[in-house]
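My structure is below; once you've seen it, I'll send some questions.
Chains: A, B, C and D, in written order; residue numbering restarts at 1 for each.
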């Protein structure tokens, strides 16, 4: 049995050698510079969102030629790869090897949940760029985790009240994607809609990546005054297409994510007339937004998106927080971030005590504007909290939305 | 409650799409015993190339033709330089084609970006037809017609033409085929090229239904694999029957059980494979 | 047969390797301890997978099921049903063994590409279950907050967890090594080589395929347990077919026809994945090319390569059969 | 499988008389067909224990198919197979092996990527049920297995190549190893499927000597093309053609039987 010796020796030595070569320690530091880690997906289904956030942030830096609040900003970009284990290691590497002062990241909620344990322990300030799961800034809120994007329910609740009180729809059939964002969005809309005195008469969930939406569309109760939909990405494109294909003539209202600019670009006429609520629209005519849209679309020749705005706003938030801060460390930066107030392209942003951004919600309608389809802003609801009109403590006592799934219709 | 007719039409049209997606895979496996797990990536590539050409030429048919030819040629090269070297080693094919899928998908992401896109519907197939209270999109009807056309032409190619006979001969006994003067390498390149072209065509025509996005290379592959395997690896008729079957099951499943999802199809597929490894109509290995 | 004395170099090799791995945390910056823990867990999973793939010759593309089920046992055991450490590990191992047996039984009549596709379907069926039973598994968001209090003799820090994982991995590697040399282990290898010959010798081939799947499922589930506690999180991705494809490729690159090859494969692929993604966003392309090139130029994997080189040099002039002592032996001529 | 009616009749006879030792191999109305062609067509014969029977016949006579039916690799459509009186028709291959039946294969069927040593260790291990179920001790450390294995290899002259992979052996040595593996299980019945196929004249001679020297109590069935080898080894020669048994008898008798000659020379019954 002579081969066994060589068979055992080679692999063990090989494995150890590889581990040693893998650790090329770098990351030299100069004192007053601030290092920001961008941990968004650059591969996988959310690659476009990750790139938009990074490009938005980078664009903001370039506008200030790499210096904000009088400090040089170094950027470390890593791929979240839509995989919790990869994201966790990248976060740890950013903290321990690159010594970042703050992280802007996470698009997939599952990955955000996975990494939040480590980030809470490490104490590094994190600005969540996209991940929408409610509890990241509610039940599991942690001092150093902020969020510049919406929670699953925050941008949906105003839509529920608005549909009932302003648009006069008395009954609604709600459709959502069967994952956390779907339950929270549908739940938020349904709660507000019913608390405003109207009634949800049908509740349907379709699995993520539903290839054929026809069966769901054909099951819709067409007696409802309104169909409200929580959909995102390719599902939103296929859903709206099926809605038009099968001639459902019930008015269609959605969470803003179903008609995001880059999705609307594909939906075109299918989406005409869709009313939606979101904290941003490309058509906002504020000076900050016009400047941002013109620079982004000029630099990257693709339509701007709320993810790009989130990246840009993160730059703004960090600038405000760093302004007048002499020693930059986790605690001082976290404390500074907690009470920033800025005017971003989307309008004013500040953080509530759970770390969730407070911002305006815009009611938009898809209209054709000189040959192109846009989310024209038809109404503004200022300074909306993630708890909408409910008292935070009371709101947090409600059962989480995943338990309220399938309970809205028929009670 | 939607009428039975609309459920059947939905099921058939979605089933036709599934067959369309699986047709290229069935062809390459059926004729060459080559399992091309980069099939989904060729599907995506076809769609993205067509969109790119559409942007340049503004002609849908030209863009489609261009995409089918480009991806077909890529398929030929892929077979010539890579697949041919692992033709009889199935496991090596699996790893090699998965690797190729990674490369193609990542290059698509690099070149065309990660935003979900949807190729336009073929001109003239946009609207819907309304009969009584049933409204049904022309495009979904076209899927049924296209699937039939592709099925019939593939069936004829394989079973009724000299080329088909030559290909089957080369698969059954390569040395014998060579000895009687069949230029086997050229044939295999042609078959693999045709399979890739079919995948690209499905990416353009079917892409207007499924949409194209990063990650699609494997979600589309799984759809195609389920249909190909259930139908019986290598049997075009099997894939056609299985495609329509899965389409109908998905349609009625969703309307009857709310939590039904396409991936609950994996359990019955697994059971079928355990009992009949060759699938419904698969040819028994000699 | 050869006493321990004759295997002295092997023992030294093993001890040196173990010593190096134990001292590793002191040699590398603390971040790489986390990376090394993941490598060791995946290496253990690869060795467990290789019982079915390398030893049994069965091409499974559904092994994520065992790995993920072990992971979910921990996730749910800690956050929802608050089981003790022993109960969690026992349930995970039982689950891995049971599902392994199910794989073995269901794949009795299949081989080659059909077995691969069947195990793919089985794995996806289990993934679909976890993805869809949202009330239990919270579906796509996965389960976070899987704390390590329950893990015995170790604090919750990354360093001590590394040593815990190393201990368990070495124990599993040792038992798998002994198993591979045992009669049952050699019989499994025999069924890979020729099921018909083994049956003619009196081995119930189906039984040994089942044992291979049970043992492989059990140790894969154990690796899944360590993986979830390492990340303190588990999601359906641990059950997804892409994890099965990953471990298959790791075993092939490492060298599936050797015992430790797959473990080296884990170290190489994960280090490569990590190192390349530092330098380029197109790391998926690089990985894809690595898989293609491995198949074309390194079909027997890295460790296997050593074997082939060795064989090419050893002169293979088989001596003529000597005149046997008794007159009863056929003599072959060259 | 329909229980053949004659079965009950036989039992009554044997019960009344002191039952003679049951035949090692008893085959009754055995048939199997591949797509309409009856490879073995309603064959019945007995092989008493200890007898050495050569089965000869042209290609396609159904010889190997018969072996596969006896060995269990093939299931018959009709008929019964009995080993020492036990009906094994529905038993699996490994159960028949454990009942004392061992065989070699026409096309060499060894554990090619394993060493000669590993092949023999497994073959010997197969005999002991407890060894077959051992999870822990190393197979190569079990004296109960390594002893007999070493002895077998030395006897059959393969000891010096024990560490080589089977794939590296010369063809002749592989044929010898086939027999060694079969013998390792200490069988009571040994089916040798063309042991001398592919061997040189001189090697065939050696192989014949080897077969001849096998222990007397071992029942031997040999499929053989080479008349010389068949007649030298066998007590009884059974001639088959087109799936049926033409004639069975002592070697000398068979040589003179015109039907046999016709079968070989492609006479009245049409080409084989």
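By our rule, a contact is a pair of C-beta atoms (placed from the backbone, for glycine too) under 8 Å apart; a residue touches a chain by one contact, two chains touch by 3 or more.
Quick caveat: nothing in here was measured; it's all calculated off a predicted structure.
For chain D, the chain with the farthest CA centroid is A. More C-beta pairs in contact connect the chains of C-D than those of the other pair, out of A-B and C-D.
Inter-chain centre distance (chain A to chain C, centres taken as mean C-alpha positions): 37 Å. Here the CA centre of chain C is 40 Å from the CA centre of chain D. Between the CA-based centres of chain A and chain D the separation comes to 73 Å, rounded to the whole angstrom.
Shown for chain C are the residues that touch two or more other chains, namely 131-132, 281, 284.
Contact of a single residue of chain D with at least two other chains is seen at positions 140.
Residues of chain A in contact with at least two other chains: 1, 43, 178, 207.
Chains that are in contact with each other form these pairs: A-B, A-C, B-C, C-D. Residues 59, 61, 106-107, 109-110, 112-114, 116-118, 120-122, 124-125, 127-128, 131-132, 241-242, 245, 248-249, 252, 281-282, 284-285, 287-292, 294-296, 299 of chain C are the ones touching chain B in the complex. Listed in rising order, the residues of chain C touching chain D in the complex are 1, 178-179, 181-187, 189-190, 193-194, 196-205, 257, 316, 318-319, 321-322, 324-334. Those residues of chain A whose C-beta lies close enough to touch chain B in the complex are 43-51, 178, 204-207, 209-212, 214-216, 218-219, 233-234, 237-238, 241, 244-247, 262-263, 265-266, 302.
Contact residues on chain B toward chain A in their complex (touch as defined above): 1-2, 6-7, 10, 13-14, 17, 106, 109, 113-118, 128, 130, 135-137, 139-140, 209-211, 213-215, 219, 223, 247, 250-251, 254-255, 258-259, 261-263. Put simply, chain A touches chain C in their complex at residues 1, 3-16, 18-23, 25, 42-43, 77-79, 81, 83-86, 88-89, 92-93, 96-97, 109-110, 113-114, 116-118, 133, 140, 178-180, 207-208, 402, 405.
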